[in-house]
Amino acid sequence: MIALMREQWDLLLEKPWLVPVLLVIGFGLAFVIPEYNLLSVYVQLILMYVGINIILAVSLNLVNGFMGEFSLAHAGFMAVGAYTSVLLTMKVLPMSDFPLLFPCAVLAGGLVAAFLGLIVAIPSFKVRGDYLAIITLAFLMIVKSMIENIDFIGGPRGISGIMKFTTLPWVFFWTVTLVWMIRNFIYSKYGRGVLSIREDEIASDLMSVNTKQVKLFAFMLSSFCAGIAGALFAHLLQFISPRIFDITKSTDILIMVYLGGIASIGGSILGATLFTVLLELLRPSTMAALLSWLPSFIFDPLNEHFISHLGVWRMVIMPLALILVMLYCPCGIMGLREFRGFIPRRDREAHHYINPQGKSPHGSIDGH
Amino acid sequence: MRKTISLAPLFVVITMILLASCGDPTNKQDIIKVGLIVELTGDMPAVGASSRNAAQLAVSEINSAGGIAISGKPYPIELIIEDNASKADQSVAAANKLISQDTVVAIVGPNASLGAIPAAEIAEYNKTLLITPWSTNPKTTLDTTSGKPKSFVFRACYTDPFEGRVLARFVIEKLGAKKAAVLYDVASEAPKSQADQFRQTFTELGGQTVAFETYTTGDRDFSAQLTKIKSSGPDIIFLPAYYNDVGLIAQQARRAGIKQPLVGSDAWSSQELIKLSSGAVEGDYFANHYATDIATPTAKKFIDAYAKKYGNMPDDVAALTYDAMGLLFEALKKSPMLERKAVRDAMSTISDYSGVTGDIKFTPGSGDPMKSAVIMQVKDNKFVWVMNAAP
Amino acid sequence: MSQGVVYWLQQTLNALQLGSIYALIALGYTMVYGILIMINFAHGDVFMIGAFFCFLLSGMLGLTFVPTLLLTMLGTALLGVVIERLAYKPLRQAPRVSAIITSLGVGLFLENFTLALSPYPKHIPMLLENVTWNLHGISLSSIQVVIISLSLGLMLLLDYIVHRTPIGMAMRAISWDKTFVPLMGIPVDLIISVTFAIGAGLAGAAGAMYALAYPVIDPYMGIMVGWKAFICAVVGGIGNIRGAMVGAFILGGVEIMVVAFFPSTYRDFVAFTLLILLIIIRPYGILGKPRIQKV
């Protein structure tokens, strides 16, 4: 009986119309939920955070996981996208007349971020590994310092009063589009170039992979997505300031990527979702509400000694959980693996050989 | 492992459903829910802790007096506390949660402007009353697109431009300074705003700003900036910094041989300043929201109750939070029914609230109160009142 | 002496002090990297813990300077070894990034744990009497002298250990090739633990000296300092001890000098741009050697 159900399930997953139908359903839900308030505004907000974090995690995974570099600049690209799009919607575009110009502003944010990604990619031709990490870190600091010094865009005070253009349908649209773009990039010839660079850059150069071009494209695509995520984020939060886009933000995105699994799109989606949801879940009031079905004699002391202090202790629990995950699944929860749906049919068999279990990408600690 | 992988998304979905259902949309008719957003984690946990303590004190006092009566029926107050980790996106999440999930009637906090401004936007959009105890940034109560004040957002303290002006005037008129040096945190709202305002007023009144130096949040070494300031020869140094920075800067300044007095903002006003600066700020001045040594009877009552319950003297965040709660209780008492707009209307008509931090009065159409500042001096390791500075 | 020269010398003194502290922390990063090719992002937070140990020992137990310093170094060395055994050792066969992320997690844990226990910034009582001398207009404080000389002393000691003792030779051997070293009878695990202990101990010393110079401590003080020290280590050539020292004094110097001669708001901007240029000009760091990669 179970075997029969499994068979039917596998057959269903193979059907070509599955993905478009799911997308349509998802898009429909994305419209219906805010219209009729099927879920509270708070949950909708969390869903939108999840979507934005998915875009950030998947795009960072492209550079850090698939290409094997260590980029710390993601928050910087996000900042650039955010500020560009906000400047457009607030100062340049006639948004009140044509509210549908929002995707243009978002796109512009992504393009400017991509251009900066180009600039960051150039040092990467000559500089490798951890030295590149420093360049990306320095880039992040420079972006932050520049924004703080330009008073026209608010300086350290930031920009407030941004119109709330980001809605659930838009987040859904951009998340799906960008994940699809990255997935196609990875399974294209450029993506194979990316994987080969990760394994051995010099060898791939010798094997006529145009490493410069591949790196350029990868960085640009990654920063393009970060810029779009930044634009969406700005129009959701309605307030941006340089403090928001600091090294802590980059570290958060890194954690999402490595938690979910390197070189895995499904992993990044999982990591982003888990990170965002868990952080909200561990709020004392939410925990209390979730556990309120426990009988009183267990709940009351639990509440007093543990849950009410969660406000402070949840930031201690999160890193501990991260360490534990790293110790037991060093590549992340879904490291190097992928949901079947993301891999194009022709690559299914090959995927198993490209990322065999146990073999580590770019060298383990002992240098081999 | 595959089973675990497919379980994880399932777990996420179940959690979302639980999250969605766990808020009680129907208002429990017999209590008043008030939300409190404070910085319990992040880089200013002291501020959050003070604020939370004062709020809890206020709530326990009013509940033991029988709660608040609305149209004759007494209601107890329930305080729902959320942490915003001193971050903007968490402030937004907390505000949204309190408004839509917990259906509070009003929100108090956040304190730091970084969190207060986004939370204020959410409150305004959802037509819920928000009163921030400590945020001095003018943007919090201002609707930047229209330039007009927000209608649902209030604050219990004065604003940065006011503070900068007051201090500049004090420095010129009472200290007789002609040349001033300024040192502020370039990455932080309030200090930059106060520094700019100070320089503007100081120049208007005939003074000369001989040095205008900056540092970034988190810096510890100010030797380069202080050397530069020393060689510019000022009469006073304006230092609108948070008290933990002041401790370091003052010590390094004295060590470098700078003897001129330092003048600071309300961010100096924690008792921790004395501990952290170990004598380097002796004789220096700063602006504050209230003074313990000229305490009115209302203030004294609060100070004693706070000290008794928590063991240390309340700082200005605590006093302002207590006043914010008090203002809210006033508004609730005056409001004809337990509904967000009615409470907000009642708040805007408060014309004479005498709180711990002085007399507070709202002019119609603005969320900023008419209040005076106090200038304090550090003498014998204590804060001593010097004078009041009216707007 | 003319005003300009005095000013310049004063700022140089400031730069030396800042550079010394960065150097002590950068050394820890570089030693661990040299042996394990791993970036230990928890290092900055070990430095912070060192400062807090200092507070506990002198503030609560009232010890004087020398015992406080020694006990702090011992405490942080122990902490370093514990972290290594619990969090990094199991990941030696795993990809490099896992260990790096774990170290990020350890760092976050240390920060927030300290925060949960003590949210308020703390003041450390004066461990040493401060005497300020005035030489031709330059103020020199005794604390500056202590910090600079102690740091230089520790650096020389480390240099001696690494280049002239058997343990140091073992450390250098492991950084060249890890697979053959155990075959030569060298206890790899022990040497790695010793390396972590030394690195963490130096960070603890840096924390104590930082507390001396800037006596206000809070749980997040390690973040920026940690990242900057990491940059110093890389700019100097990661894995190279002398390079770390050079990098640290360069960064300290650049930071101070930019503020000295330009509007101070441009400090981060100029400092980091210079750093990027430096790395592009010398992609393996100033004293680093390119690693030969066999294809």
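Labels A, B and C are assigned to the chains in the order they are written; within every chain, residues are numbered from 1.
In this text, a contact is a pair of C-beta atoms (placed from the backbone, for glycine too) under 8 Å apart; a residue touches a chain by one contact, two chains touch by 3 or more.
Everything numeric in this text was worked out from a predicted model, so none of it was measured.
Enquirer: Among the chains here, which has the CA centroid at the largest distance from chain C's centroid?
Expert: Max centre-to-centre separation from chain C belongs to B.
Enquirer: Could you compare the number of C-beta pairs in contact for A-C with that for B-C and name the larger?
Expert: The comparison resolves to A-C.
Enquirer: Rounded to a whole Å, what is the gap between the Cα centroids of chain A and chain C?
Expert: Comparing mean C-alpha positions, chain C is 32 Å from chain A.
Enquirer: Find the geometric centre of each of chain B and chain C from their Cα atoms only, then give the gap between the two centres in Å, rounded to an integer.
Expert: Going by mean C-alpha positions, chain B sits 36 Å from chain C.
Enquirer: Hunt down the residues of chain A that sit against at least two other chains at once, touch-wise.
Expert: In chain A, residues 148-149, 312, 315 touch at least two other chains, as defined above.
Enquirer: At least two other chains touched by the same residue of chain B: list those residues.
Expert: Each of 41, 45, 186, 216 in chain B touches at least two other chains.
Enquirer: Please output the residue numbers of chain C that touch at least 2 other chains, ranges allowed.
Expert: 112, 115, 119, 223, 265, 267-268 - these are the residues of chain C that touch more than one other chain.
Enquirer: Within their complex, state which residues of chain C touch chain A.
Expert: 33, 36-39, 87, 90-102, 104-109, 112-113, 115-116, 119, 177-179, 223, 227, 230-231, 234-235, 238, 265-269, 272-273, 275-276, 279-280, 283-285, 293, 295
Enquirer: Can you check the complex and tell me which residues of chain B touch chain C?
Expert: Within the complex, chain B contacts chain C at residues 41, 43, 45-46, 49, 186, 213-216, 218-221, 223-225, 227-228, 231, 244, 247-248, 251-252, 255-257, 272, 275-278.
Enquirer: Can you list the chain C residues touching chain B in their complex?
Expert: 3, 7, 10-11, 14, 17-18, 112, 115, 119-121, 123, 125-126, 130, 132, 134, 139, 141, 143, 210, 213-216, 218, 220-221, 223-225, 255-257, 259-260, 263-265, 267-268
Enquirer: Which of the residues in chain A come into contact with chain B in the complex?
Expert: Residues in contact with chain B: 39-43, 45-47, 49, 148-149, 155-158, 160-161, 163-164, 233, 236-244, 270, 273-274, 277, 280-281, 283-286, 289-290, 311-312, 315, 333-334, 337.
Enquirer: Once bound in the complex, which stretches of chain A touch chain C?
Expert: Going through chain A, the ones touching chain C are 64, 70, 123, 126-128, 130-131, 133-135, 137-139, 141-142, 144-146, 148-149, 200, 202-203, 206, 247-248, 251, 254-255, 258-259, 262, 309, 312-313, 315-316, 318-320, 322-323, 326-327, 330-332, 360-368.
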